[in-house]
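Reading through the structure tokens given below for one structure.
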Amino acid sequence: MNRSSDEVRLADTNRVEAFSDGVLAIVITLLVLDLRLPEVPPGRLLSGLASQWPGYLAYFTSFHYVGVVWLNHHATFRRISWIDPPLHWANLGILFTAALLPFPTSVLSHALVRENVADARTAVALYALVGMLLYVSWFVLFHYLARRPHLSYENINTEFFRRERTRVAIGVFLYPAAGVLGVVFSPILGLVIFLMLSIFFGVTTQGLDERPHLRRRSSGH
Amino acid sequence: MNRSSDEVRLADTNRVEAFSDGVLAIVITLLVLDLRLPEVPPGRLLSGLASQWPGYLAYFTSFHYVGVVWLNHHATFRRISWIDPPLHWANLGILFTAALLPFPTSVLSHALVRENVADARTAVALYALVGMLLYVSWFVLFHYLARRPHLSYENINTEFFRRERTRVAIGVFLYPAAGVLGVVFSPILGLVIFLMLSIFFGVTTQGLDERPHLRRRSSGH
Amino acid sequence: MNRSSDEVRLADTNRVEAFSDGVLAIVITLLVLDLRLPEVPPGRLLSGLASQWPGYLAYFTSFHYVGVVWLNHHATFRRISWIDPPLHWANLGILFTAALLPFPTSVLSHALVRENVADARTAVALYALVGMLLYVSWFVLFHYLARRPHLSYENINTEFFRRERTRVAIGVFLYPAAGVLGVVFSPILGLVIFLMLSIFFGVTTQGLDERPHLRRRSSGH
Amino acid sequence: MNRSSDEVRLADTNRVEAFSDGVLAIVITLLVLDLRLPEVPPGRLLSGLASQWPGYLAYFTSFHYVGVVWLNHHATFRRISWIDPPLHWANLGILFTAALLPFPTSVLSHALVRENVADARTAVALYALVGMLLYVSWFVLFHYLARRPHLSYENINTEFFRRERTRVAIGVFLYPAAGVLGVVFSPILGLVIFLMLSIFFGVTTQGLDERPHLRRRSSGH
């Protein structure tokens, strides 16, 4: 049997998707390890659980955030027919910043539960930094795809990638801004804005509902 | 090579299944991290291990429960040919409630091992709450599918989704009921009822043994 | 597009394989979490790492053991064309006993490092129990497959499953025997025998190198 | 439906790739569990986080290292059409050495943060040892593939595997050399060289950008 070059290309994107699915599935599931048994004397479990509420909010925010990363990844990679080395590295950059997330989530959640304001400010700034890095990594990916039309299916308009690049550029600016608000006014406010940003990026995810008739480019390359 | 729109649709459900498989595989495997070395003086390992028996029961119950989630997910998604954004979010809702499970399992298991009744009641209530949320998320999914026949294969009767909706509605009511029994009478009784509920939902899983000749709908959409 | 019933069947085994791959990949990787930083005073890291050597042996033994489970799973499921509900449950049984493994590995490794003989005996017995349960779960699977020829590809001789059933029956007897030797003579000896058993089952894994021309049965069912 | 022998072979490499993707995705994501909340008094989180900087460098180095393992694995296995038992074991050897990585990463990161020079030297030597083992496992794989042309696609020149064998042999020598430099001069220097080695192997990864027209060998075998 011959494996045609088209099959090889498909296999390529398939395996990158499988690896990325694996990393994102693990990140989204590992977050639960930070919801721990509260350290309270016997008989005080209920109040101990209740006092951890900022931790639940941080958990939900980060779960939502990784869910949105996955939806974006899915909407993007179904338009890609061929992955070259720079695109591999851009994808690893997204996975790197996404895989980091349990760390700032844990730091923020503990700082909020312990109610030390200085620590909570530090933690909000750390979360904002990682959030910004994620959107920087998306920006790099979309910028590259917008300039390399031969990597996507023939009938995919690179306009899609340019619009996405603009959309994620908003995240590059809004995460630091949310961090500043959280540090200056209130760390809990910062966390609420992080959740709202995640909802915004979830609602504006593009290209999940289109059913494009994809066609490989024969041109160029 | 052209990728026909049908291929794209198939690829879509494939990748959602792969991501969901990943999350459920991780949840079911992470549960073991809560079976820990008992903290006992040297030479007392045997009695230490034996005294952890409610933890083993909680582990088995939660493992079974996630196994049933996977079987239901499998039986459901093999009937689906196309995933639109609301269905993506409904699926993320199921993954969210399933990924939460190690937390109440850990809380319940520790509370039962430590034998503080007030804490064990709190923990049973928490477990019942998460169990109910899971069945609420299934209810939302089946409700949506029952009303969107164009998302399933052409020859799939939406009656399937309506029956499943009824079945999971039972869980929405029985988990809180089990929680109340556990709080009022005995936390261990609550855990036993959780296991029985999971077995009930495992036994009544539908549609695994049918071999439908699936056909895509060309109508509508 | 129609999805023929054959495609559906294939998709069925594919997704079961993907879920099983996920669980086994996670189990084999989680084992490393039990290799911890030794708790020693500053400057004593080298001797601390060296004194943990039974932990490394336990890690290697369990890694090898899960690797063999995966090879067996792979050799078995490539012969299966259709999965019915009992086969789903038999597979979940194998995943359950495999997912348990980090627990006895951790218990055994800590008991051997702490050098308390009574505890090490307990730990060896626990490991032998879980090892035996794994082979019981394989026995159930092969017994079922040997009696349900319509679940495997048309040209697969059910003799394969009968031979495998005999092979795993050996494990059902040898793991408890190894446990008894470990308890009576020396826990380290027990661990060495566990490793030798795993190597034996790895060497005797069947059916990886055959290239059968698989054909679905049209008979029966 | 018949499953042709070609389909079976493809399925074979698919499942090995899926299992390997799973293991590597988990290893790369588990690394984050070692980025922990610094144990500092309330209000000192910022300086606590800052003083952990060698831990972040170790995290980045190991993330990059596993990313390179995945890219190499991907470039290698897309050339393979058939996996025999020794190749299965060689692949498990790579997964074993890769799955070990969170352990030396954790040891090195803690030793550098605690600033005990003797411990840091021990940790650098351990990291170099595991790095060397990984390249030994790659060497074994490429050596086997270079001598078994019938396992790769018909039009794949085994020259590819011979060049890769030479490339990874460099790692077998350079990791111990970096370890010696780290032990003799400075542990941080050792870590920086580990990162540079990983970048070198990332940059020299071969065969990701070729689009070979793969063809199965009909000869021999």
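Side notes on the structure shown:
Order of writing sets the labels: A, B, C and D. Residues in every chain begin at 1.
Operating definition for what follows: a residue touches a chain if its C-beta (ideal position, glycine included) is under 8 Å from a C-beta of that chain, and two chains touch if they have at least 3 such contacts.
These figures come from a predicted structure and were not determined experimentally.
With steps allowed only between chains in touch, the distance from subunit B over to subunit C comes to 1. The minimum number of touch steps linking subunit A to subunit D comes to 1. Residue numbering shows that subunit C and subunit D use the same positions for less than half of their mutual interface.
Between subunit A and subunit B, the superposing rotation on Cα atoms measures out at 90°, rounded to the nearest 5. Once the centre of each chain is set as its mean CA position, subunit C and subunit D turn out to be 25 Å apart. Here the CA centre of subunit A is 35 Å from the CA centre of subunit C. Across the assembly, subunit B contributes residues 4, 18, 22, 25-26, 30, 33 that each touch 2 or more other chains. Remark: subunit B residues 4, 6, 17-18, 21-22, 24-26, 28-33, 35-37, 42-46, 49, 63, 67, 70-71, 74, 78, 81, 153, 205, 208-209, 211-216 touch subunit C in the complex.
Taken together, the subunit D residues at the contact with subunit C in this complex read 1-5, 7-9, 11-12, 15-16, 18-19, 22-23, 25-27, 30, 33, 82-85, 88, 92, 95-96, 99-100, 102-103, 106-107, 110-111, 114, 116, 118-119, 122-123, 126.
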